[in-house]
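Going by the order they are written in, the chains are A, B, C and D; count residues from 1 in each one.
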Amino acid sequence: MEQHVKHYCGIFGTYGTPEAAHNTVLGLHALQHRGEESCGITTGDGKHIHTHKGMGQVSDVFADASDIARLTGHLAIGHNRYSTTGSDNIVNAQPFVAECRDGSIAVAHNGNLTNTADLRSSMQETGAIFQTTTDSELILHLIARSPEPEISNRVADALKQIQGAYSLVFATENKLIAARDPHGFRPLCLGQLGDAWVVASESCALDIISARYIRDIEPGELVVIDENGLRTHTFASVEKKAFCIFEYIYFSRPDSLIFGDNVDKTRRSLGKQLAKEHPADADIVIAVPDSSNTAAMGYAEASGIKHEIGLIRNHYVGRTFITPGQGNRGAKVRLKFNPVRGVLNGKRVVVIEDSIVRGTTLRHLVRMIRDAGALEVHVRISCPPIVAPCFYGIDFQTTKELIAGESTVEEIREHLGVDSLGYLSLEGMIKVAPNAGRQYCTACFSRDYPIPVGDTVSKLILEK
Amino acid sequence: MEQHVKHYCGIFGTYGTPEAAHNTVLGLHALQHRGEESCGITTGDGKHIHTHKGMGQVSDVFADASDIARLTGHLAIGHNRYSTTGSDNIVNAQPFVAECRDGSIAVAHNGNLTNTADLRSSMQETGAIFQTTTDSELILHLIARSPEPEISNRVADALKQIQGAYSLVFATENKLIAARDPHGFRPLCLGQLGDAWVVASESCALDIISARYIRDIEPGELVVIDENGLRTHTFASVEKKAFCIFEYIYFSRPDSLIFGDNVDKTRRSLGKQLAKEHPADADIVIAVPDSSNTAAMGYAEASGIKHEIGLIRNHYVGRTFITPGQGNRGAKVRLKFNPVRGVLNGKRVVVIEDSIVRGTTLRHLVRMIRDAGALEVHVRISCPPIVAPCFYGIDFQTTKELIAGESTVEEIREHLGVDSLGYLSLEGMIKVAPNAGRQYCTACFSRDYPIPVGDTVSKLILEK
Amino acid sequence: MEQHVKHYCGIFGTYGTPEAAHNTVLGLHALQHRGEESCGITTGDGKHIHTHKGMGQVSDVFADASDIARLTGHLAIGHNRYSTTGSDNIVNAQPFVAECRDGSIAVAHNGNLTNTADLRSSMQETGAIFQTTTDSELILHLIARSPEPEISNRVADALKQIQGAYSLVFATENKLIAARDPHGFRPLCLGQLGDAWVVASESCALDIISARYIRDIEPGELVVIDENGLRTHTFASVEKKAFCIFEYIYFSRPDSLIFGDNVDKTRRSLGKQLAKEHPADADIVIAVPDSSNTAAMGYAEASGIKHEIGLIRNHYVGRTFITPGQGNRGAKVRLKFNPVRGVLNGKRVVVIEDSIVRGTTLRHLVRMIRDAGALEVHVRISCPPIVAPCFYGIDFQTTKELIAGESTVEEIREHLGVDSLGYLSLEGMIKVAPNAGRQYCTACFSRDYPIPVGDTVSKLILEK
Amino acid sequence: MEQHVKHYCGIFGTYGTPEAAHNTVLGLHALQHRGEESCGITTGDGKHIHTHKGMGQVSDVFADASDIARLTGHLAIGHNRYSTTGSDNIVNAQPFVAECRDGSIAVAHNGNLTNTADLRSSMQETGAIFQTTTDSELILHLIARSPEPEISNRVADALKQIQGAYSLVFATENKLIAARDPHGFRPLCLGQLGDAWVVASESCALDIISARYIRDIEPGELVVIDENGLRTHTFASVEKKAFCIFEYIYFSRPDSLIFGDNVDKTRRSLGKQLAKEHPADADIVIAVPDSSNTAAMGYAEASGIKHEIGLIRNHYVGRTFITPGQGNRGAKVRLKFNPVRGVLNGKRVVVIEDSIVRGTTLRHLVRMIRDAGALEVHVRISCPPIVAPCFYGIDFQTTKELIAGESTVEEIREHLGVDSLGYLSLEGMIKVAPNAGRQYCTACFSRDYPIPVGDTVSKLILEK
């Protein structure tokens, strides 16, 4: 069993409608980009909870309408999971469900805890058994062990013991509970649809069911929704918040509100700032679609260089054709992107990309763009170099996997084979991020970790 | 969550061969008749354990050779599960795996515990969480909570706390452990294949891999097999054993040794005794295939009446054609059995059946036999009337489901619409059972329960 | 494309009930033993025909009730196909459907034509195209080319041009047509269920829907059923009939009437005659289940030797576990059969088998029986040695595949490793076959072919 | 059987590489947007042809590498099919394969024939049978009936008899043949990869395998490629060509060359022209992604209005969640598109859409844009109103289905609920289309049909 499964995920919850399961299916569909490996839903009908989960996308796992129909009840939580481990294991799919002394409880989690190893071993010493390596199971153990009689207090009790990044939704037979860690690493917003309450990782999941965005769940806030309505508690607070700035750069959908602000607008600002910091003498600006589209628009607007569509993305699934044997990265890139020769030929091209992790895909794209006749290729990245791993839920596991962790910008430029390379500065990024002055986690760019990470964890991760 | 899932199952384990997973697949195939709902295998390779399980028969769940290939290691356990509950739930599939303080442990279980409700609630009081309703999870909790440093002692510790029927196999990273409850309700035998050890519910699972039957695991015996070889412990003993006599009557395959004796021979003896107790003035003897074939031979031999094949069983899966709407039992019977008109027409027929639970299928068969021209139909049952539920692992859950629980033999005869009906007597059955004088559980015939069943349990079961 | 696909198959048809599709599903289920590779149904509703077919057994192909529901209409034909070729090709699945000048026609075929090569090439010369290698497509071409205005005359026209073995059912939008070749190689019977007519390869398919057997479709008879009722024509006749005697020996279900006589009774007679011809000094008689069960009973009865169940057959699908690499035949046999040690140990055993093709399975069974402790093994075969290929629909393709084609009985005995081996004589077989004097095809035993086979065909087949 | 199945499709062929099947898989993946219903590949290895086809996308049908491995040979053709009929019928999947007098031939077709009804009935009169309703089967019949000895002459013979739109690829055991109808309705281009030849509907399918675009197959050209290299024939010619202008507007991928010109550039020109013809007093320009992205860029550039991303498209499959019962169009639109509130709120918005068929989706989008706070919505369409059905392969079947067929622009504006609506003019479209003066088919806009359509056909289509 792997000790640490890093992942980003999408979570959703709703209370107060007979359409709870159906709306959760739609919400998970809108959040599909946050995790495609597995998904699941648990509902509560006042007396029982019901769960359906499986490997694959929402449209696969919930393809059979009768599976949705069986998820009766007026409250529901759901989860999309993306895992970087090889183990496509149904056992790790969420919501994770347990029966405790006074009923059932299910949890869905987005984030990554940093003190799990110690908590696990201390619990195992006293006879606890673990069936998965997920943080979710650990959290349920903590809740079950709390002596508090009230479920909300038991959840608060548990949350006080864990450290790291977490946005959580819980379902019991008759309650929906949502919580966000005191640093506020991962997003979680609250909405309303008629009398029903909705919580979701991103507001695009409210939009799909025509729910109205109300506000974000606050860092350190615990919200309990049941027949008595919505009650809110502050279970913990920290001096400095640490909103994940990468949600703006890459993760979230551009139509979402994240931390209360519009993702799309932020990306345009990043692109404009990038143009100021790293202008280029070029004929056209193109994006690596789709995640860099808006930043490219910003860059074009600020620089006055013409914006073109120079790469076409094929959205059909193609990965199955690449056999492991031949499986070179170049072929995979070609299945997904195609250059538009008529646009690129004879041109000096600025390519906007949101970020570079290893740089392999981008290197292949650059080669394709050159083969299509581009005279010069200037790459501009709408965030700073990623130099350090993330311990709070993003899949940058080790410094070795990060090209900027071990190379200078000039070395990366050479590796990519481009005429120039410019990264947005840390200061520039923070300056144009929403609500300048707000506290962001920039650890992957700055090595400035908001939560000190236990030696065991960091050793495990860095060694991989 | 249902409190009590009754089932019969097949278990298998092997230690000491690189073919551990493959041999377990074959063993489970031979034990398929003991459970078709789900199956799974866990292997240990010295450092890690590996599990693959799923819904369906062995040929479905292990259809993909790569799934077997991933189950590396020199030891393995496997499980076939039959459940009577509606919940075809992957969560309940076995082996059940947990990570404890000093490593992983997996368990596969055949039987039914009788004191689980109390154990569960007392553990939940102290913060334990349960993810399933299986006895297996409960057993792993008990093991994890034992303060003993040695795994074998911890298992013994756990077994001393549970009551009821259980044959168990456990796998850790480097140990195979097998145990049988002190009453010896369910079978479990030990065999050898070269240097490798094998344990299995029935000896037919040894035969399929050409392993040699050595002996039964004794009631109350705990066997640990690892790099130091096989060690045996007696963790408990009771004055009177309680071997399930129904294994001879119906469950087990006729080519198996059960409790050390040949099933086929026993069934022939039951048939002979039945002929002595309930002769018939008839032209031919036929069996309800396949489970009654041997008893019919015994009856024919002892009575001198000609043995014929009067019913053909269609082994192809047909249940899918019966839609719930039309789903009358008669149609299902017709999909499975067809009378041989040329054999039955104009004849006085003795029909041998191994047992009657509800009597619905038999009633339809009798009608078909009459429609095929039989002049008289005399039914003979090779066991006594089943009058009481089983709390030790057979799916006779409530008295209401048992026709003999609420009707006299004459009423049953009338219900079946036959000219005469004869059940083997309890005394006759015990007399010809192997090793007369051996102690059998006959509770379902005699209401004489070897283990008193808690009020809660019996109420739950009887009420259903 | 292979020129000749040999196969045996099951066909079914019904006219005059809104349950036409559903009854055909049940009929095909009863005929499943005649072909498991693919199956399909075509219905006619007066205006349109509707077809559903697929690879696999009836329970797979018609698992989805909505597929049956779409097969509307008052008439239906169905087909089970078994093919010996590697090509599991959906294209060859039947019914085969074509649109001709005056509507649609579908056909399902059991048998094998002997003059297809010439017919195909002459049609191809004039521009016909073929999409399959099936006889069915050829027959539809012939029907389409007939100048006759009436469909029944066009079918008769076509049948006069083909040679070989065929039982056929056709469906048009409003007619059910059935025909049997003039020699009567393959069976085809007629039944009634209320006002509806039914035709089927075997009467067990009538039984499953509670239809009444009326009579066989006669050799050379063409039956047309439509709103005007049933009309019968004799389209051809031959001096000597040639009923396939192998239907009695192995193919058909023992509960079927074939050629108007009971299969089970015939098998018992074959067993008795075998005992007379080849007695044995032995303790027990056992069958290779299930096809030899009745013959074994006959042998036991006539010889006075005790009948026992010495081999248990596992009806669960196990073939998927045998990877091509390891795939030796011995492992496959062990997955399917297990000896009953308690029955065989220390005994002199007579093993009854219905027939020997290659002898590989039997050789493995004999070894297993000896390993189980049998002192002597005497094999008795309830038909003569199979020495020559069948051109009329059975899968004995080349002399090389037939052990008796190239070896003496003594050589076969040695190959099997048995103490004695006895085959039923040709004369003995004919003598006890139903309606002695009736004309059977015995070509595979006698090399006496009722229809001379074109050089091309026989060369193709013999060379394989 | 439906008489007329309209569809657009993608075709691909290659000759001269052992990677023929694998390259065809990649080519079909690049052409997936032209048809998702079914796909298939036929290869020729000099002696035999091999076919694999199935329902679903390329990644489904060719998910199993062994299926590709079985498609041996140095030449291959492939097909993606989109059908508008309810019949998801495997029988209609292509390539369509037939065995003729001198070997096998397979065909894949893009387009729609206009004189099939007459050809079919005249062939049926002389005994031909049809198994599908596809044009492909008809073409193979014509080839089979040609008296010419040479296959290329027989193909030419067949093509002279058919009318309508067709781009075709054929495979025999050792030849790849490609042809395009004399009007040149559908595209077909020729490329080279090393020594191997490639033909494809669009050049993006050359790009994915790094093949070089050489030229288009000319209208009326027949190309035969075999061991003697590539030969070209002109089998027919017409005075006026009729290139489908809709390929530029919507069908083709923007990175493709179509009719030798760049799709992306054309779309930008259409957008610019649209801005000239229908300016708007607005704050932002947004596209309906992805097909209108480039036109929106052109509009923004020419108008000087700021280009924004105002709608996000969810590329995950969501259609399975919409049960037929609730299945309103609005829910489907919401699963696919989401407005970006932060972009739209308080803005006067120009929405660029490539075309309007029924207008239902657009109406829902407009409502969503208004709900997101847009002050004004001005819709601009980058082609003229579609007023008439297409008989040459596009799925505009009846005038009734076309909102512009029966409504004025003002009525459509009102139906959409927008502040203004502007369509590109026919003259404007032709003026900026590549190679002004080139002859395009504009029948769906102008009712000016290049080929008169038989009464039967047009009646059938118009009546639907």
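In this text, contacts are C-beta pairs under 8 Å (C-beta built on N, C-alpha and C of every residue); 3 or more make two chains touch, one makes a residue touch a chain.
Not measured: the values here are computed from a predicted model.
Chains that touch both subunit B and subunit C: there are none. Chain centre most remote from that of subunit C: A (centre = mean of CA atoms).
Look at where the CA atoms of subunit A average out and do the same for subunit B: the two points lie 48 Å apart. Distance between chain centres (mean CA atoms), subunit B to subunit D: 60 Å.
Looking at subunit A, one finds that none of its residues touch two or more other chains.
Interface residues of subunit D facing subunit A in the complex, by the touch rule stated above, are 22, 25-26, 29-30, 32-33, 57-59, 62-63, 65, 204, 207-208, 210, 253-255, 257, 261-262, 264-265, 293-294, 297, 301, 306-309, 312, 314-321, 323, 334-335, 338-343.
Those residues of subunit C whose C-beta lies close enough to touch subunit D in the complex are 1, 48, 90, 97-101, 104, 121, 124-131, 133, 140-141, 144-146.
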